[in-house]
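Take this structure, written in structure tokens, and hold onto it; I'll ask about it next.
Every chain is named by a letter (A, B, C and D) in the order it is written, and numbering of its residues begins at 1.
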Amino acid sequence: MPIPAANLYPPFNITRLSHVEYGVTDLAASRTFYVDILGLQVTHEDDSRIYLRAMEERGHHCIILRQSDHAGVACLGFKLYDTPDLEKAAAFFEGKSLPVEWIERPFMGPSLRTRDPWGVPLEFYVKMDRLPPIHQQYRLYNGVKPLRIDHFNMFSANVDAAVAFYGEMGFRVTEYTEDDDSGRVWAAWMHRKGGVHDVAFTNGTGPRLHHTAFWVPTPLNIIDLLDLMSTTGYVANIERGPGRHGISNAFFLYVRDPDGHRIEIYCSDYQTCDADLEPIKWSLTDPQRQTLWGAPAPRSWFEEGSLFDGAETRDSDLKAQPIIAP
Amino acid sequence: MPIPAANLYPPFNITRLSHVEYGVTDLAASRTFYVDILGLQVTHEDDSRIYLRAMEERGHHCIILRQSDHAGVACLGFKLYDTPDLEKAAAFFEGKSLPVEWIERPFMGPSLRTRDPWGVPLEFYVKMDRLPPIHQQYRLYNGVKPLRIDHFNMFSANVDAAVAFYGEMGFRVTEYTEDDDSGRVWAAWMHRKGGVHDVAFTNGTGPRLHHTAFWVPTPLNIIDLLDLMSTTGYVANIERGPGRHGISNAFFLYVRDPDGHRIEIYCSDYQTCDADLEPIKWSLTDPQRQTLWGAPAPRSWFEEGSLFDGAETRDSDLKAQPIIAP
Amino acid sequence: MPIPAANLYPPFNITRLSHVEYGVTDLAASRTFYVDILGLQVTHEDDSRIYLRAMEERGHHCIILRQSDHAGVACLGFKLYDTPDLEKAAAFFEGKSLPVEWIERPFMGPSLRTRDPWGVPLEFYVKMDRLPPIHQQYRLYNGVKPLRIDHFNMFSANVDAAVAFYGEMGFRVTEYTEDDDSGRVWAAWMHRKGGVHDVAFTNGTGPRLHHTAFWVPTPLNIIDLLDLMSTTGYVANIERGPGRHGISNAFFLYVRDPDGHRIEIYCSDYQTCDADLEPIKWSLTDPQRQTLWGAPAPRSWFEEGSLFDGAETRDSDLKAQPIIAP
Amino acid sequence: MPIPAANLYPPFNITRLSHVEYGVTDLAASRTFYVDILGLQVTHEDDSRIYLRAMEERGHHCIILRQSDHAGVACLGFKLYDTPDLEKAAAFFEGKSLPVEWIERPFMGPSLRTRDPWGVPLEFYVKMDRLPPIHQQYRLYNGVKPLRIDHFNMFSANVDAAVAFYGEMGFRVTEYTEDDDSGRVWAAWMHRKGGVHDVAFTNGTGPRLHHTAFWVPTPLNIIDLLDLMSTTGYVANIERGPGRHGISNAFFLYVRDPDGHRIEIYCSDYQTCDADLEPIKWSLTDPQRQTLWGAPAPRSWFEEGSLFDGAETRDSDLKAQPIIAP
């Protein structure tokens, strides 16, 4: 299926991805990982939840860690442009017969909870509590110096259909991988905020969250994180990288949190705000697609992901084979 | 005057700054500077003009160098979102009794030429010839490895009024400097594309172009440029920096091209796409405003700028005094 | 066998490793690799030889590429402190019944050619033609910006014996790997010039040259090389890395030249000039020994190396098994 | 006076500079600066003294901070190669009618205290308590990530004579500045350990300590320190830089501790171990001598320094004028 043309006039205006809520089985261990190792800042915590923000963010949180009996993802949050967009979003999802619910969320104004057609729990809002800027409080920088949440990447059992649905909402494809044999889309990267992506879909058993990514200042910060993790007991949490992506051209590292949730550390992609940006197409058989430097990803990277609460997974019928490290 | 609230529904949709045309008095000397030293890529050249693009750009050009008998700025170009925005832009400027002209521009689709109320020549378009991506052609990276044009900064004899006018067009203030005594705005930074600014205004004799800025991957690239310039005969072209800005938090360097046009090399500012982003206010007397590390800018930085063709300058009546290096 | 105590009063004074001569089968292809990709500077070339130096070196050459019908290593060169050291070196090798020959070498003063007990061809000299400094000619920096030759690493069929012999010459052990089962030394790193090593020995079929290493300014330069190699047709020449070594703590990358000669790009090790520096011992079974970040080296890294002209290899009888990537 | 030829066979063997003892007037304030801001590690502390080491050092300390009623420098320490060098050092200084005293120093073996001909208190030793390596304890890295002490730079009222004396001890000149008018040496950089310098002398009222320098991994670490200092109340402690030196080619920053003692943060100089290294000569009137990028040093940099306990200063009779920032 061809990549749909960008929808320049979506039914409601999504500014950017905003936050993710992870169920974690050991809140203290997760706190250590996200705060002491990655360097996110605690904005609120109690016995069951920790709210975190990154260094240049002024919204109250980009990650919520919630003590749970199982690891999972409660929702992916997106910030809308302005108040009228809330009702428009509700109308869009109701028009698709998707569940729509108005909820109260701590530190946030009115929020809409819904699911995409495959069950991914989505949350939309306009107002989140604002905090003072800390981007120049250099004493606070720690770990990998995470600056902001950058994107979500999801396993999808039907990437073509996911691209079509999210495309209706105004996400625009910047790069994609095509399976030469079937002509179907293996993976796609889609943005709202002007970088390579806010969301991405990768063929596989889905829906599952493949990873959440954070933007950092330079590749040297990623090297610092590797040095830190490998000498503080987290060497087993290093999954893939560092390296330079073919797709996106970003410098990356993938790590796994104490529950196995995958986090990507990411920098140096490119500006995509032009409405007429032409998506870059890659072939699934291109060995430089995932890592420009050639090293294939490990099997775990292709197979493991985080389950969304309340969303049953389904296998993909697209059986093409990516290049996997032995 | 207070900073106006962001206009979330401007009359037409400007995606981003796009390009600048400089009149230069020695095209060959300018070519050497922009291509061999800064590292921009030539996309077209003839006896009188050189078109250049930066490494991640796919639009045909971000700078036009035009052989001229005098140094000046012919226009500042901005890319619009979609075709209907052209007519809307024309209507906006006509409604302000500002001159509107449809022009043919090489390598570009229909273009609108106009002036802001102070005479700054502006150019708006939707389509520019697209070129193949070169961001992964690492053999081509040279000089400071410029990735994209980032912003324009203009001297303005009435920053409050400039902020109001550009604010009507949808530019949103991210940071500004207030003169405590008068309560007037000394300088303001305004964006469309989600970084700290696409345009900025600094109090002074205006309108004049203070500088055009390029985004680079890391501060080490700026250090590389300083090493290169200082050992290839361009040490006198280094004007100010390197340093960390207070305003914007970006790492910067200011250099002067062979005609004295000022170019800023810039990286590491922050994401501003949230509609409810609160502008950060600075006091004119804050010594860390311009350089977080304290070093004041030289007098030339406050006084020298490039003239816009066809725009007479006027002195500002705001006589507050910034901190100037001795 | 225990690591011998440092010989603080060796029979002659070796300042540092100096140069290597590689037989290469396609001089033009090698020239492209070492000059255009790595960034070494040509100091002399003719139909059969190319002499290269790195950016902060003032000796005439650190690498000689010699057109040959087979790939091999003609010699490893070492610079001696002062003229009397030449005769002392000759006496040392003669005293060991090792072959000693005075030879004329282009661009060099009197040179002693000999072999270590395993046949490695060694060359010692005091004077090499001196060239003007180019370390501040920033226009010349290219590729990975190699600053100087840093070390040689050799496969040895008897590392304990190699350590003893080179130890007599004054090389001091900074780090070593012990095979817990046998108590024998699997690998050792030995220095003269105050870094982690000038020479190193790794258990395996030997003698063969495992690699020659170059020092670069920062890890970002190594990332630049990876980006360049992977987009100019050299992705297959990337063998291992980038990464942080456990041993030496250096940031590294291993690449293979067109003949398969292995080159390491290396930075950030530590100062070792203290006579009482205690060697750091690692266990062969420590998964962080080779890469602090855990990724094991590929089989090729353990098995492939360059033959020394005129030196027959012998298998090692030390059959311990390092950790090899699948 | 010409630069003396290198003394390749000095009367005793100095391995490297080792440590400095500073008298400080507020031990707690100094602790905050050296530990929390610069990132040095405390190895011992009590009510009156704090011993610090840098991240790759295994000797017990490189700095001693001693509570005092006045700011000053108690001694500059140097490590000798081997035990016999202690007696040889004593004989050398006694032969010059300079005071020689054997002293007990905490955490050190037998130590020789003496003074150079101008009264600079020098300390020589062979053994210092050794500590476990911490260079791979990445959790401990902080501040500017100082790796090791790199050099001392002293004001001297007679640089020619200082160069001659230290040259007798085996320090070898790598770079120097000549005053064209008088032919005298304005400044000189001299090494033992193979970098650009262990000691340097700068014309001025002397003897006074101009600065102590620390080596860091990359220029980005220096930028990190500037960001940290400027946002934690230390912006006034930033004296000069960052920049690229002409002399040494190192990337540098000069800061002042709470007592005004000057500390240089330094990286990326070059290897100098060759006995026949030719000193690089600079002219005092070369504007790129001190900063390759052209920016002159402030007056304070030329005039202010730390007094050595018990050493009276004398003005220099060399009245040439360096280039000073207005």
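What we mean here is this: a contact is a pair of C-beta atoms (placed from the backbone, for glycine too) under 8 Å apart; a residue touches a chain by one contact, two chains touch by 3 or more.
All values reported here derive from a predicted model rather than from experimental measurement.
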For A-C, find its twin among A-B, A-D or B-D: the pair where over half of the contact pairs carry the same residue numbers. B-D
Taking contacts as defined above, which has more of them, B-C or C-D? C-D
Taking each chain's mean CA coordinate, chain B and chain D are separated, in whole Å, by 44
I'd like the Å distance between the centres of chain C and chain D, where a centre is the mean of that chain's Cα atoms. 32
Centroid from C-alpha atoms only, then distance chain B to chain C, rounded to Å. What do you get? 49
Mind pulling the chain D residues that touch 2 or more other chains? 136, 218-220, 227, 230-231, 292
Tell me, which parts of chain C touch chain B in their complex? 136-139, 218, 220, 224, 227-228, 230-232
Given the complex, residues on chain C that touch chain D span 8, 15-16, 56, 58-59, 79, 81-82, 126-127, 130, 133, 135-136, 147-148, 193-194, 217-220, 246, 249, 268, 270-271, 273-278, 280, 292
List the residues on chain D that touch chain B in their complex, please. 218-220, 223, 226-227, 229-231, 235-236, 238, 242, 244, 251, 287-288, 292-294, 325-326
